[in-house]
Amino acid sequence: MGCGSNSKSREALSSRTLVRVGSGLVQEMAHSEVSTPIILVNFKCYLEATGKRAVRLAKYAEEASRKFGVTVAVAPQVADIRLVSEQTGAPVFAQHVDAIRPGSHTGHVLPESVLEAGASGFLVNHSERRLQASVIEDILSRARELKLTTVVCANTSGIAAAVSSLEPDMIAVEPPELIGSGVAVSKARPEVVTDTVSKIRRINQDVIILCGAGITSGEDVKAALALGTEGVLVASGIVKAKDQAAAINDLAAACR
Amino acid sequence: MGCGSNSKSREALSSRTLVRVGSGLVQEMAHSEVSTPIILVNFKCYLEATGKRAVRLAKYAEEASRKFGVTVAVAPQVADIRLVSEQTGAPVFAQHVDAIRPGSHTGHVLPESVLEAGASGFLVNHSERRLQASVIEDILSRARELKLTTVVCANTSGIAAAVSSLEPDMIAVEPPELIGSGVAVSKARPEVVTDTVSKIRRINQDVIILCGAGITSGEDVKAALALGTEGVLVASGIVKAKDQAAAINDLAAACR
Amino acid sequence: MGCGSNSKSREALSSRTLVRVGSGLVQEMAHSEVSTPIILVNFKCYLEATGKRAVRLAKYAEEASRKFGVTVAVAPQVADIRLVSEQTGAPVFAQHVDAIRPGSHTGHVLPESVLEAGASGFLVNHSERRLQASVIEDILSRARELKLTTVVCANTSGIAAAVSSLEPDMIAVEPPELIGSGVAVSKARPEVVTDTVSKIRRINQDVIILCGAGITSGEDVKAALALGTEGVLVASGIVKAKDQAAAINDLAAACR
Amino acid sequence: MGCGSNSKSREALSSRTLVRVGSGLVQEMAHSEVSTPIILVNFKCYLEATGKRAVRLAKYAEEASRKFGVTVAVAPQVADIRLVSEQTGAPVFAQHVDAIRPGSHTGHVLPESVLEAGASGFLVNHSERRLQASVIEDILSRARELKLTTVVCANTSGIAAAVSSLEPDMIAVEPPELIGSGVAVSKARPEVVTDTVSKIRRINQDVIILCGAGITSGEDVKAALALGTEGVLVASGIVKAKDQAAAINDLAAACR
């Protein structure tokens, strides 16, 4: 199955208007479209993807996207969202936002602040920043209000199924023991991926399923897509690569 | 006692080189000096101080600083640090950073990221974002490494004393029940302020003491300085004012 | 529909052997059976249900259970589990346990410790002690291992649905705004209850559904059962009642 | 310096009435005295110190105390406090309590509940259960109200100094990297202990200082006392010993 052929999920995407159309509450707008297959690069707190280096990496993402006709989105640190968003065309996701409304919340990340800075959406519940179940629901509700695209991470197929009934736009399944391992879940544990896809689909037919943890090569991406996912969430495999541009091109090419 | 006469703390400040001189780890540098008396405006997550409105408010701070010869620093949201830092001359503080080193920390705030974005320092342990005691120590250690100026908030005189032995650059005492109340701690509870100053000074002679909670007028600022503090931490009193510029000028004028 | 006639859920209960049969890992055993309809009394941290008063209240529960032929279980504080378990015949639930295995976890609640103290099971994820989604899954896994009965609280129908795919034994739905209000969710917001039941049943046909928040009278219980739930979770309505015994009898009688 | 000769701290102890004399709020009373030198055995969540095995271990503590004339206190899990307290004469400490008052706090540990169950006091802020600075202050305030003896753990000399201005009854310094290592801080890093003692004494002359992490032998205890501490906090060194009674006697003998 080629990546481009998954028309159902594409329709699903457009029917849920993942193209962000701005908000009366804020004054800026992102213009990036999100379609599947998607490669989402999580910059984490790596220095190799901080500040100016975040911009450089996002430009590689943008180039790979154009070259191979696949969405390559980036998730830089909050301090870098505006810079990356202004200087590149890559869709930008926050790595986390808080389930708050504007007000007295010193030290938190207001969804409106990342939206105005140019983010198209955000990840939440990554294994490195897990959330209470009720907070995930609250933050998805805030995202709908602001038309921000949501990616909820799940550490197991059980959590993926649980989360799927909260109706995020995307779910990224990442067994934490494979994160940063260089061993791709799609190759080392294909049954985790197929099990997850099947558990999610019983509950939610529309959510876009991403596969994460240990993805470093185009082969890993192909394996992930063949198992029924519509994209990958990658981090160190790209950010820590000696040649970030080559690494990102390798993944994007695999989606052609 | 006039605000400008507190030469001891000023010497303390310069001896601790609060003027940030950059870091080999990152490529950007902030150029702002921090001296006492200081007015530090916490933007919290107010929409009136988000994005473009954060820049506007920081410009008012910069103007008041120039006009009245007093430091007026700002603490915008993380997503706005770079924008505020690039477009204004006000010293910029993050409202919170995490006690982490560069690496796999999805969704956290890396001190290096706010430094490179232009921050001179950061607040931590605000009543709306309290930290474990050990985390405060760790984050102060990271700040010293990066030459970032630190403001640790304390909700009581006891916590202020405890924190003072961890040797932050500044301590801001804010009884949480007065935060956002419009009732200034320096006027409603002067004994809290003098008690705090006295408890801190038994342990730490150098730390700069700020007074927070309920500050809205120049009178409140004068009262705070007369009680032995060297500045104020304000939020809603400025951010939510009908005329932010007038409100900030009123406070700055009181420090002359 | 009378409470006693819900034979489907009773079968479901017995097929899942909610009667705890002990564990090789620990030496004590609880002997109480749990069957529907069930009234579960959460003692919270009320002094009226601490220590000796916890025993007294649990005895009222036991008497009501015998008198009206309905399960009346109790959830005392951890420090009181053994006392209540030894001195009464009421099934005992912990109010929270941690998702840990035996080892270096100072200050946490080990599931084995409450099992050996006589607990039949535990509540988790109460609105006053919310858990990360992944922690709920982990703690349910520990419970299966130890044959402890599980009640997962959900603050909304969405969370109830999400949790239902993790397959706890029971789900208790409690809109937090009605907790302690004296306004029963089953009467004030019947649509919340029916919506929750319907969302859960799409995903999980077996889980026992309890209705919580604001329950104080037999009328509230009847309303809850009529809406398709199989029991109630109550706290202040019983614990804070002038006559605890009368209050508990009123609820139990409503289940006949 | 012999252990028994530290009369100053003993006076300090009695002047602060560490002998708990009950409380009008609760109906039970502990009768154990706490005097220095003190050995405090943290049972953590080890199965070897859960339930009946907690009682057995506490009896060894009681016997060692009688035999060698030294306080040997125990910190079992919350579920075991009453059992240990009723069946042995060892002073009992909770491993953690929450900074709450009686009320709606499902799943938390109410200080009154452990007091009524027979605890003489509690540990807080262990490296495995760290607390916010403000919570430590709140919980110490609750302890004073209930006449519970407090031991605040500190992971560094800096945190020990910070905590000492909050005036707990005891501070236990435990470098987390040595916890469970079998390498005693008092022998491997004597300078950490003397540095801690000196930093604490500048701020607080009365607090009893315990030395923790890696203590397994009488030699370790002697080293700790020689460095100016008045007792030790031990866990795996006793709980995981093949012969718990022998291990505890070895430590107690070293205090003679």
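Order of writing sets the labels: A, B, C and D. Residues in every chain begin at 1.
We adopt the following convention: a contact is a pair of C-beta atoms (placed from the backbone, for glycine too) under 8 Å apart; a residue touches a chain by one contact, two chains touch by 3 or more.
As the structure is a prediction and not an experimental result, all values here were calculated from the model.
Least step count on the touch graph, subunit A to subunit D: 2.
Considering every other chain in turn, none proves to be in contact with both subunit A and subunit B. In this assembly, C is the chain whose CA centroid lies farthest from the centroid of subunit B. The centroid of the Cα atoms in subunit C and the matching centroid in subunit D are 35 Å apart. Subunit C has its Cα centroid 47 Å from the Cα centroid of subunit B.
In subunit A, the positions touching at least two other chains are 127. Taken as a graph of touching chains, this assembly is arranged as a ring, one closed cycle with exactly two partners per chain.
Every pair of chains that touch is listed here: A-B, A-C, B-D, C-D. Those residues of subunit C whose C-beta lies close enough to touch subunit D in the complex are 25-28, 42, 44-47, 50-52, 75, 77-83, 95-96, 100, 102-110, 112-114, 116-117, 123-124, 126-129, 179-180, 235-236.
On subunit A, the positions that touch subunit C within their shared complex are 125, 127, 130-137, 155-156, 158-159, 161-163, 165-166, 199, 202-203.
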